[in-house]
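Worksheet: the structure to be examined is printed underneath.
Which chain is which? They are A, B, C and D, in the order written, and residues in each are numbered from 1.
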Amino acid sequence: MLRYAVIRLLWLIPILICVSLIIFVLMDAAPGSIIDSMINEEMTQEDIEELKREYDLDKSVFYRYGKYMLGLFRGNLGSSEISGLSVFDMYKTRFPKTLELSLLSLVLGTLIAIPMGIFAAKHAGTIWDNLTTAFTLIGLSMPSFWLGLLLLIWFSHSIKLFPAGYDGTWKCYVMPVIAGGFSMSASITRQTRSAILDVVRQDYLRTARAKGVPEWRVTVKHELRNAWIPIVTQIGMMLAMTMAGSAVIEAVYSWPGVGRLMIEAINQRDTTLACGCVILTATLYVVLLLLVDIVYAFIDPRIRAQYSAGRRKKRRAEA
Amino acid sequence: MSRGQTETIVSRKEGHSATLASRKYKKKSAFLESWNRLRTNPGAMFGLIVIILMVLLMVYSFMFITEEDVMAINSANRFKPPSAAHPFGTDSMGRDLFMRTVYGTRYSLAVGFFSVAFGLVVGVFFGTLAGYFGGWVEEIIMRVSDVMASIPGMLLGMVIVAVLGPSFLNLLIAIGVSNISGFIRMSRASILSVKGSEFVEAARAIGMSEFRIAFSQVLPNSVSPLIVTATARIATSVLAAAGLSFIGFGVPVPLPEWGALISDGRNYLGRAPHLTLFPGIFIMLTTFACSLLGDGLRDALDPKLKQ
Amino acid sequence: MLDECMTNSDVVLDVQDLVVHYELKNEVVKAVNGISFTLQKGRSIGLVGETGAGKTTTALAIMNLVPKPPGVVKSGTIDVCGYKMLELKPKQLEKIRGKEISMIFQDPMTSLNPVISVGEQIAESVKLHENVSASEAYDRAIEMLELVGIPGERAGEYPHQFSGGMRQRVLIAIALACNPRILIADEPTTALDVTIQAQVLNMINDLKKQFGTALIMITHDLGVVAKMCDDVAVMYAGRIVEKGTLEDVFNDTKHPYTEGLFNSLPDITKRESELKPIPGLIADPTKLPEGCAFAPRCQYATDACRERPPTIHQISPTHLVECTAYDNPGFQIEGWQNHG
Amino acid sequence: MKPAKRSLCLILCIILSIALLAGCGGGKTESSPTPTSGSESPSPTKGISETPPPTEEVEYYEHLNIAIGDKVTVIDLFNPAFGSSQVGIISHAVFDSLVDMTLDNEIVPGLATKWDTDDYKTFTFTLRENVKFHNGEPFTAEDVKYTIERTKATPGSIMASKYARIESVEVVNDYEVKITLDSPNVDFIADMSVPYAGFANKKTCEADPENGSMIGTGPWKVTEIVSNDYVSVARNDDYWGEVPVTKTMTFKFVSEETARYIMFENGDFDFCGIGSVFVEQYENDERFSVESYVMNNTNLIAFNFKDPLMADINFRMAVAHAMNREDFVNITLNGYGVPAEYFWGYRTEFRNTNVPTYEYNIDKAKEYLEKSKYNGETIEIVAAMAHPISNAQVLQENLSKIGVKTEIFATDGPTLTSYTPWGNTDSQIVVTSGPWTTLASSVSMFLMPGSIGNKANYDKPEMTELLKKAAMTFDAAEREKVYAEIQEIVATEIPYLPIFNMELFVAGWKGCGGVKLYATNNHDYAYAYRIKQ
């Protein structure tokens, strides 16, 4: 198992190199550069030439990329070109806010989704099943920013229940979590329902019932444990996606998260900051997916067997 | 031989030819059968009707609404609430929101369709190669797909639109690219599950080339998960396009894409909520319809799942 | 609390005209159309018939495990050691299943939960019915494994690490963990190859004798019935067409369908003789004919057979047949080469 | 009911309920305001800039929350990122400049008590004594020298271009400094009056390069800054000037405009800039008082002279006559704005009003169009940021009325800057805005060849001569004549076509006051207060 994890982490390095190269080259090709966001009318040509030298913009993009990667290998993500603040510090102040939001929406989403998914699967075909399906489809098809705006108007403008932006109290978390969590819980419900539906026809449930196992225990112990794999995959993917900070939710609620930091970085053509954010998010993403795979092993002994058997090529059922 | 037995032998022979005929008959009906099952599924029908409605709206907008109607500024009637003259009211520049929303269907449908098609073609091609040939081919393709997956979709979209400049085509490419890795993973998984089956050995036994096997034998068998993923992706693509336009990385400003309409209306929410309400409902209806149709297709094409 | 099982009469199971239908969207499958039989303590009965005769549905109905949405128990009573299985509330049912009566299934490959260890799955049954601690239940599970011929230390392993035969043994261990009065075996060996089949059957026999468990053996293999069962009930299209002791049914076959079954068995001693399979296909449960369901395929069928439901004739105290042909006393079927 | 039908109607009723819910819950929708015609003088409401009443009678809020219009990335005189649009507000609070400029353009003493010059080339400032930095360090001439030299050495920092022409800074004694320019500049004193011409302490900066330059001499000291989110300041009790009544303040940026208004109405903010669409709503609400000010910089369009068609005077005249300024004011500014006839800033000195202007006249426009080289091709209008993009769309509509086909390239700041460098030939019409400050000399960056602001690529030797001469003539009356001539040329050659001056609004709760609103957007919240009602 450890060997497998180490290999996956080693793969992180080439991935990060590719990701940073892609972002670096793309950002460089974008019209306008870092100094364009600093220029004001009073500057003359010489000022601009000096600025170009200052930010190595007169040299080729690969020179700058090389310098950036040298810094990276020494473990320093460099500092934002425009404000000089270290990228890691800016990320460090912003990331907890995104993490809080995504974890909260995910946890609440899952707590609602899994029982509902099971409920829908167990009553498949009845009115309740249709109701849940309609609910989840609405959740998936409602644009989260639109829902965010509507919540903003209802709960903050008409009935002054929740604050409109981030103000540190628990109240300001409610609306973004609902806006973000609604679609998350909808997709987890769907995944749970179809996972349980696949399991519900298996023979070993009949064996369990023949053993006299009560229905609730059949559901929790036998059905759910076999349905965890697709559910955990979905949750892992959801968490990985929100690590990037849902840019739209953070835009609507002026949430000081990583999503908005990236938008600002791109708007200001701050390549180092954008690259830094992407690298940190990508690392989190890969680590999270690795965690999901390791969780697979705990859930399903058949997968654990593949690792301990040390077979060279791993064949896990990709979702 | 006693009478009973000859009957049985004869009947068995006829039975055989009958089943042969029925099998041919059966082949045609496989499609018909899925269509029947789809037809009886109310959700899928609702989805199909809404999508057809949207396409009709698009055709209507191509024929009757000119660029001029949609862009004409009229400072007199700004922020008019929904009324008979303007079913959806008017926006901050006095333009009729109904015309703009209807005009906007072409963007969302096009984004939904083409970006998924783009992602599907590229994704499935590489996914099939990876799934079928395995070895270092698979390792490379999967790692590239990991790289693309690890860059958050929204950010990838932003950077691409920032690089190529805001235009409708670039928005398509941006979302298409973020769809690719999903299709690669999905098609690889379904190829892996199908690859082991006997008919692949049989095809190899009669000397078919590996390449032909991959694309003519193995791929058709993973068509149904493909269709289902495609419809689900249409829904997410329409949402992603709206999201990108909302944060200013979507279509160029004057074009009335739904996400952009919501973004225009968001500053006047307190004053004129109808500006964000109607485009939002249109987005929701389209994605809702796509998901319903996707579900319907999944149930129709995959009887095992049908309750 | 449930009253203790009636110990005076030795009847452990009494099924009276059980009718079970599956009501699907646009058709009704009449799986069981009036089954009645009883089972004494320690004896074993074989339910024989082709696939689709309603054998498994009967077994599931006895355990009240028929899947509720499509399945409906139209009528009939099932009396397991005095408990009215069809009227009990789920809570009480759960007390009986696994304790008084338990069941093993056909396909061992899918009947064990793949993510829970074998020992745990056995212990679960023990823990449910006897208030013992978890560790005691686990020890009991290891004992049971040893009993069915699997080394105890493998209790921690998972189902995918066992062969088909071994898994069937685990299922038997699970079923007999709480020493039930009745064991229903639904074609336990069909999925296994012959050598393993014999081992499993012998084991069931030994355990049956050791624990005095009554057995319902569901199979379409007459050889298995001959080896395992004291009584036999031949089923066709949801009804018992012939019922009696092994001796009655095998040597004094009365019903044409039973005769057809025996005729389609190859006889090792007479190689050159033609096999006489029963013509046509098994009756369609959704469109059962008026009279006797076997009439269309029966060579002795008369108009009477086709019009009205077959009459029941009590050939001997233990032997019963459901065939209108016996209305005229002189009727004899051709009989078949005596297998003995 | 058959199960299939039941689920269909279920889905339908859910959709309808969502739509209804969203519809009716959307808050009140009033009729649109009747657009008031752009009044010449700023609207009369004089709310939040009254001077604070004596402290005995009233009780003040101790803490004030102020919504600012853009994010503050960093507070550091030598960091390019400090130059966001809110730099004026932060600098008024945290830093002091040598001299200050009042609301009616009058220079008053700041850190310097006395200053004089004879040739506008060497200036000697006598500094105020016993002025302390926030960390207690004394303010001396050494700090002035250090700040100016370090700013010059840091390209892109906020005052770099203004200090570029300083040749040397000489410390005469602790409280006297002599600054020599490389060439005479009549507006040097006015340049030094901008709020962000502040000074950092040499010793502190060398000791703590990271946050050293956050220590200023102003009435407020920075207690906390979360980059791009908020800045918290506390009162500097031993400030040399008048000490504010409020104890602590927080400047916070909320990007979502609707959320900002809601937080303002819920009391999370005491002051908040208001978009023109909502002005009427707050003016009629007695809980708030609203004050407006007219921005000095004129929104205008530039014709790129490097493009053959744009260089054709007839085409520019056609566009001049085709522009209906009412449309621009009503649509982009919702009626609150001053249509601009002159390229000049709204209150920039030496304003010359007897120059040719071009009234809205479709026929004249068509006439000029016939004479021009225009033959039906599509012209590109490039614009960045919300108001210019809206102006671009109105211009597109106006020009389509006289048969000119246009296409809008809407983009963001950096792309526009990189797309329209000096001497570019790709851009045609650029929607931008004119000189910020009230100094006439600020016009030069729009008309001098080679400067960034010159989006029209205007390069006439005669104009360059006039601009240089203006900067050299010391005598005000003389200078006025030269600028008048410059305005004459601009009006006739139309490199820039003025549209309007924006009227912006800042609202505060009843009992708020003490805010000085400058036409250059560098508002002074240093003495803001709010009385408990």
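Simple rule for what comes next: a contact is a pair of C-beta atoms (placed from the backbone, for glycine too) under 8 Å apart; a residue touches a chain by one contact, two chains touch by 3 or more.
Predicted model, so just to flag it, every value in this text is computed and none were measured.
Peer 1: Please find the path from chain C to chain D through touching chains that uses the fewest steps, and give that number.
Peer 2: Minimum number of steps from chain C to chain D: 2.
Peer 1: Taking each chain's centre as the average of its Cα atoms, which is closest to the average over all protein Cα atoms shown?
Peer 2: A
Peer 1: Suppose chain centres are the mean of their C-alpha atoms. Which chain sits farthest from chain B?
Peer 2: Max centre-to-centre separation from chain B belongs to C.
Peer 1: Pick out whichever of the two, A-B or A-C, is joined by more C-beta pairs in contact.
Peer 2: A-B
Peer 1: Using the average of all C-alpha atoms in each chain as its centre, how far is it in Å between chain A and chain C?
Peer 2: Roughly 54 Å separates the two chain centres.
Peer 1: Please report how many Å separate the Cα centroid of chain A from that of chain B, as a whole number.
Peer 2: 23
Peer 1: Hey, how far is the Cα centre of chain B from the one of chain C, in Å?
Peer 2: Each chain reduced to its C-alpha mean, chain B and chain C end up 50 Å apart.
Peer 1: At what distance in angstrom does the C-alpha mean of chain D lie from that of chain A?
Peer 2: Between these chains, centre-to-centre, one finds 38 Å.
Peer 1: For chain D, give me the residues that contact two or more of the other chains.
Peer 2: 7, 11, 15, 18, 22, 26-27, 256, 258, 262, 411-412, 415, in rising order.
Peer 1: Give me the residue numbers in chain A that touch at least two other chains, ranges are fine.
Peer 2: Those would be 30-31, 125, 130, 138, 149-150, 152-153, 157, 251-252.
Peer 1: Quick check: in the complex, which residue numbers of chain A touch chain B?
Peer 2: Where chain A meets chain B, its residues are 11, 14-15, 18-19, 22-23, 26-27, 29-31, 124-125, 130, 133, 137-138, 140-146, 149-150, 152-153, 157, 194, 197-198, 241, 243-244, 246-248, 251-252, 259, 262-263, 266, 274, 278, 281-282, 285-286, 289, 313, 315, 317-319.
Peer 1: For chain B, which residues count as touching chain A in their complex?
Peer 2: So the residues of chain B in touch with chain A come to 43, 134, 143-144, 146-147, 149-155, 158-160, 162-163, 165, 185, 188-189, 192-193, 235, 239, 242-243, 246-247, 259, 262, 266, 269-270, 273, 276-277, 280, 283-288, 290-292, 295, 305, 307.
Peer 1: Of all residues in chain A, which touch chain D in the complex?
Peer 2: Where chain A meets chain D, its residues are 30-33, 35-45, 47-48, 50-51, 54, 80, 82-85, 90, 93, 125-127, 130-131, 134-135, 138, 149-150, 152-154, 156-158, 160, 163-165, 167, 251-254, 256, 260-261, 264, 267-269.
Peer 1: Which residues, counting only chain B, touch chain D once they are in their complex?
Peer 2: Chain B residues touching chain D: 40-43, 45-46, 68, 71-73, 75, 77-81, 92-94, 165-166, 248, 252-254, 266-274, 277, 280-281, 284-285, 288, 292.
Peer 1: Could you please specify the touching residues of chain D with respect to chain B in the complex?
Peer 2: That would be residues 4-5, 7-8, 11-12, 15, 18-19, 22-23, 26-27, 29-32, 35, 256-258, 261-262, 275, 277-278, 281, 326-327, 330-331, 334, 389-390, 393-394, 396-397, 400, 408-412, 415 of chain D.
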